[in-house]
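Next come two complexes built around chain A: one with chain B, the other with chain C.
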Partner chain A sequence: MVKRGQGAESALIGFSWLAALFVPTVLCAMVGFLVVRAWPSWGAPLFFGDTPALAALTGRAPVFDGIWPACVGTLSLIGLASLIAIPLGVATGVFLAEYAGRRTRMAFSLAVDLLAGVPSIVVGLFGFALILLLRRTFAPDANTGLLLSALCLAVLALPYLINATRLTLETLPAGLRLAGFGLGLTRWQVVSRLLLPASLRGVSGGVVLAVARAAEDTAAILLTGVVANAGMPGSLTGKYEALPFHIYYLAAEYQTPAELAQAFGSALVLLCLTGTLFVVARVFQRRLHRTWSGMEVAAWR
Partner chain B sequence: MRPKEPCDRRGADRLPSALLCGAACVSAALVFSIFAFLAAFSWPVLSGGQLGSLLSWHWRPLAGEFGILPMVVGSLCLAGSAMAVAYPLALGVCCFVHGCGPAWAARPLFVSIRFMTSVPTVVYGLVSVFLLVPVIRGAFSGSGFSWLAAALVLAVLVLPTVVLIIDTQFQAVRAEVRVAAAAVGLAPSQEMRHLVLPLSRRGLAIAAVLGFGRALGDTLIPLMLAGNAPRVPGSLLDSLRTLTAHIALVVATDSHSAAYNSLFACGLILFLATLCVNLGVLSVRGRRLG
Partner chain C sequence: MAVAIRIERLSVDFSGKAVLRDASLEIPKGGPTFLLGRSGSGKTTLLRAINRLNECFPACRTSGRVVVNTADGAMEAYAPDTAVEVLRRRVGMVFQTPNVLPLSIARNICMPLEATQGMRGAEAEARMEEALREAQLWSEVRDRLRDPAVALSGGQQQRLCLARALALRPDILLLDEPTASLDFKAAQMVEELLGELRSRYTLIVVSHGLSQARRLAEYLFVLHDGGRVEELGKDVFRDKDALLTVLGDLL
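Our next item is the complex of A and B:
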């Protein structure tokens, strides 16, 4: 005899299997399709076109058909955005975890959550508005460019850094703080000599995730100075190329099958980049977990 | 280290505290300056007589008509339909990971979900343009660039977000009920249906709200896949334009200053939607369980 409700549970199991099979199917279809379509273009010409690789790498010869300028553009975006976001994000995270009182912390967390939820196109619009403002006031010839995009990407990456730093500090064992204060250290000494070194791995994991976020974003840079053909990035205020935009542009405007193959090649390069960053971040976070697992977690405040 | 006087130490501690506090203030101020910029730049449209033109159903910049209502409807339709696909799937995946599926499959499945969070949006877009759109074009008539295509891909994009939130909730609930459920002899699926799902109501609501916000804010998927016609879609196979894609398209093509001002109004709407999502999450979190 079938018990009441057993049908519902079988349905639940069946449906969960269906959903579980859906994920690897989509993932395999996507990666497989990408690899198959990118395969014909894979190799040195994808990056450097007709220019010899060594000359292109050292900057002695310009690259016309390859995606090397877009790669360099993306790398410089990541570098600049990290320079802006890492000090600010880590400092904010430390402040929220170690210095702020309960109320301050709640207010700031709301602001950080809000920042994390702001769509990247709105952040791009913010950068665009910044330039309009500069033009109307004291820099009439201001224009969108590399630095502005990096600033927008830094804004996007900031919540990741703040939350990673804060969470890591809050999961450190309470004994670490008590020992520090017991030795008569000031709060800053406890933070800078004990807590930050101990949380280095967690914070690094957050940094890597934030970098991956900055590397993949397209919407914000779309409004703040990325173009299809700029060559190597020359100056902080100049136009530049970037991988995600290059892919988007080629997907919409490709003229020849070779250009389309290049779009797939670039997508595979970008996927490898973000995939690598993802793995590195995971390794950092798991090591951190292993180091402190089994110890009494902070009951601090 | 050389011992110092207590008061001297407090003095040395003041500078780092001030710097950290300053950094936190800068971070928080960013949110407010984004809001202030959007509000200030859309003020000419909102305060002047153009409000009627903004709240109309026609986007014809050359004729001086800057109606953004079709884009508002488009954004809501797309985000809603994407969540309607993604949410049940995410729930299914979480049930599978938490006992409804075999234990050996749970870990690899979860790793692939985490991996999905790292896949760039533009890669989803590119693959879909050349894999999914031709399928839709073949199965139905039309160009294939449609509400349907964008909704399906957007569902895949928000899936990991929703899964990770529900999973956190399930973990917390199962830590409490697991032993009791096993003691009274419940099968994993029974435990899921009668204990974990009802007790996770709050987390499930938060996942829905945050997932919706994420779907609303995405630019690239609708821009690449939805066809971008600025009108209200009549069916799933029609083309639609979202607020996010609208901003990207107009900045790329137009240089009309009145058109720009209406864009800041679009940005403001998106920002306020984010605010509503966060307040929604706060109110769900603040309420008592059950």
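Our next item is the complex of A and C:
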């Protein structure tokens, strides 16, 4: 019996190891594949086409064959969507964890879970329908564009932020709240000066997920303003280019091997871009924690 | 005998379950006043009722009166117009387990000062030093004020919690078994500290330790199940045998 039990345990440990190895293996295979396929197109022309890099970067010359406008479009989308979603998501998470009554919390949590399950194409359709409604009512000139796409992406990212904030706040030790209240801090001071800073790590995890969601989504932006050749984004309501759509477009419609290689190059750029954003978010979170805690070394986790 | 806190017919229940019922007592200024009683008799609930900290727990209902005499006059703790934050600043609290904030040693004291009194910079640092000296911790931490507070030993953490409460200049200090989670030496140090603080603050201590109560208490109340509060005279609680006779069947 003992031997049988040991065998089962060994099998379980082996399976756990295999399962744990699966993720890095898939990641390495995917990144490796991307790098190999993107390599032929990698270089300044991938970004700027025939336009001199400096002229393109300073906006003195338009870029026709490069992905630079798509990079700027994606960054603008991420920035705008984050500006809308982060304050809204964190505030909702704080409300659910700290202020809402039991019934309100249950109702709101159900709504958040339902929102998380809405496919992005449906959100895109909703955005498109919103524009139609605006055109027929009090804004006849309303059109799809960068701001509408960012709004749709913010809606998609909200559940990640709300849940991350709420769960992190709820799992903080009860003694932290009690210590704060015992010192005569108001509820808002306990939340803003103790609980939120203490949950920075969890909240920033939610922000990273939300940013990733905003960066990769194609379906929602497809119906709300992205186009293949718009150049640099000019205004909040104007059309724009974005990396995920550019990849999708090239992969579906490429005419030459060079165009396919550019699609792989764009995919690698998108991966690097989100990776850089994750690192920036982590560094920012550590610096914030250090400033808040007044510690030389951020030893508390 | 000046009264620091007057409690009248205080009842507290959590989710409909009565923890304290009709408890009445008058706690004198100074002290230390010790509260003894069996586990579950409501000692901690009584302590937390004074600074309304029970309200931080779900489904808590309190009735009765608690009048706290502070330097600024009498405060009716449960009056509708009483600002609970102000009450809690006048009545500081130290918990059974040292609950330092996840901040540096300095920020543990300066953050509450900044939040509650808007005190910053040199003024806050001076107040911090004063509080740390009062809690006999200054010499041990003066060179590592920016280290995380959680890196301190248990006894040091408890003295930091005491310093944090003292920095807010309360009139009354509630101490919920302040030495229960400490080793002998650290507990002895905190006890000595309480002996020194008794002249400047009204101290109310919940304790399980009879010998500690005998050594330190100036006044002693026993909480019986059902909310009856009995005051023991000094002649009873200073005498070990007399105290054991009174408390034998209770503790």
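In the analysis below, the second predicted complex is superposed on the first by the 240 of 301 C-alpha atoms of A that agree within 3 Å, B and C clash if a C-alpha of one lies under 4 Å from a C-alpha of the other, contacts with A are read in each partner's own complex, and residues count from 1 in each chain.
Keep this in mind: a contact is a pair of C-beta atoms (placed from the backbone, for glycine too) under 8 Å apart; a residue touches a chain by one contact, two chains touch by 3 or more.
The model shown is predicted, which means the values in this text are computed figures rather than measured ones.
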Which superposed partner A:Thr186 touches (first chain B, second chain C, both, neither): both
Touching partner for A:Ala97 - first (chain B), second (chain C), both, neither: neither
Which of chain B and chain C A:Ala267 touches, first, second, both or neither: first
Which superposed partner A:Phe278 touches (first chain B, second chain C, both, neither): first
Chain B versus chain C, judged by how many residues of chain A each one touches: B
Chain B versus chain C as contact partner of A:Pro87, first or second or both or neither: first
Chain B versus chain C as contact partner of A:Leu46, first or second or both or neither: neither
Contacts of A:Leu176 with chain B and chain C, given as first, second, both or neither: second
Which superposed partner A:Ile13 touches (first chain B, second chain C, both, neither): first
Residues of chain A at both interfaces, chain B in one complex, chain C in the other: 184, 186, 189
Complex interface listing, chain A residues touching chain C: 175-186, 189, 193-194, 198, 292-297, 299-300
Chain B residues within the chain A interface of the complex: 3, 9-10, 12-13, 16-17, 19-21, 23-24, 26-28, 30-34, 37-38, 40-41, 88-93, 95-97, 100-101, 105, 109, 112-127, 129-131, 156, 159, 187, 189-190, 192-193, 210, 213, 216-220, 223-224, 244, 247-248, 251-252, 260, 263-264, 267, 270-271, 274-275, 277-278, 281-282
In the complex with chain A, residue positions of chain C that touch it: 51, 53, 56, 85-89, 92-93, 95, 97, 99-104, 106-107, 110-112, 115-116, 146-148, 150-151, 161, 164-165, 168
Chain B contact footprint on chain A (complex, rising order): 5, 8-10, 12-13, 15-20, 22-24, 26-27, 29-30, 33-34, 37, 87-89, 91-92, 94-96, 99-100, 107-108, 110-115, 117-126, 128-130, 132-133, 155, 158, 162, 184, 186-189, 191-192, 212, 215-216, 218-219, 222-223, 244, 247-248, 251-252, 263-264, 267, 270-271, 274-275, 277-278, 282
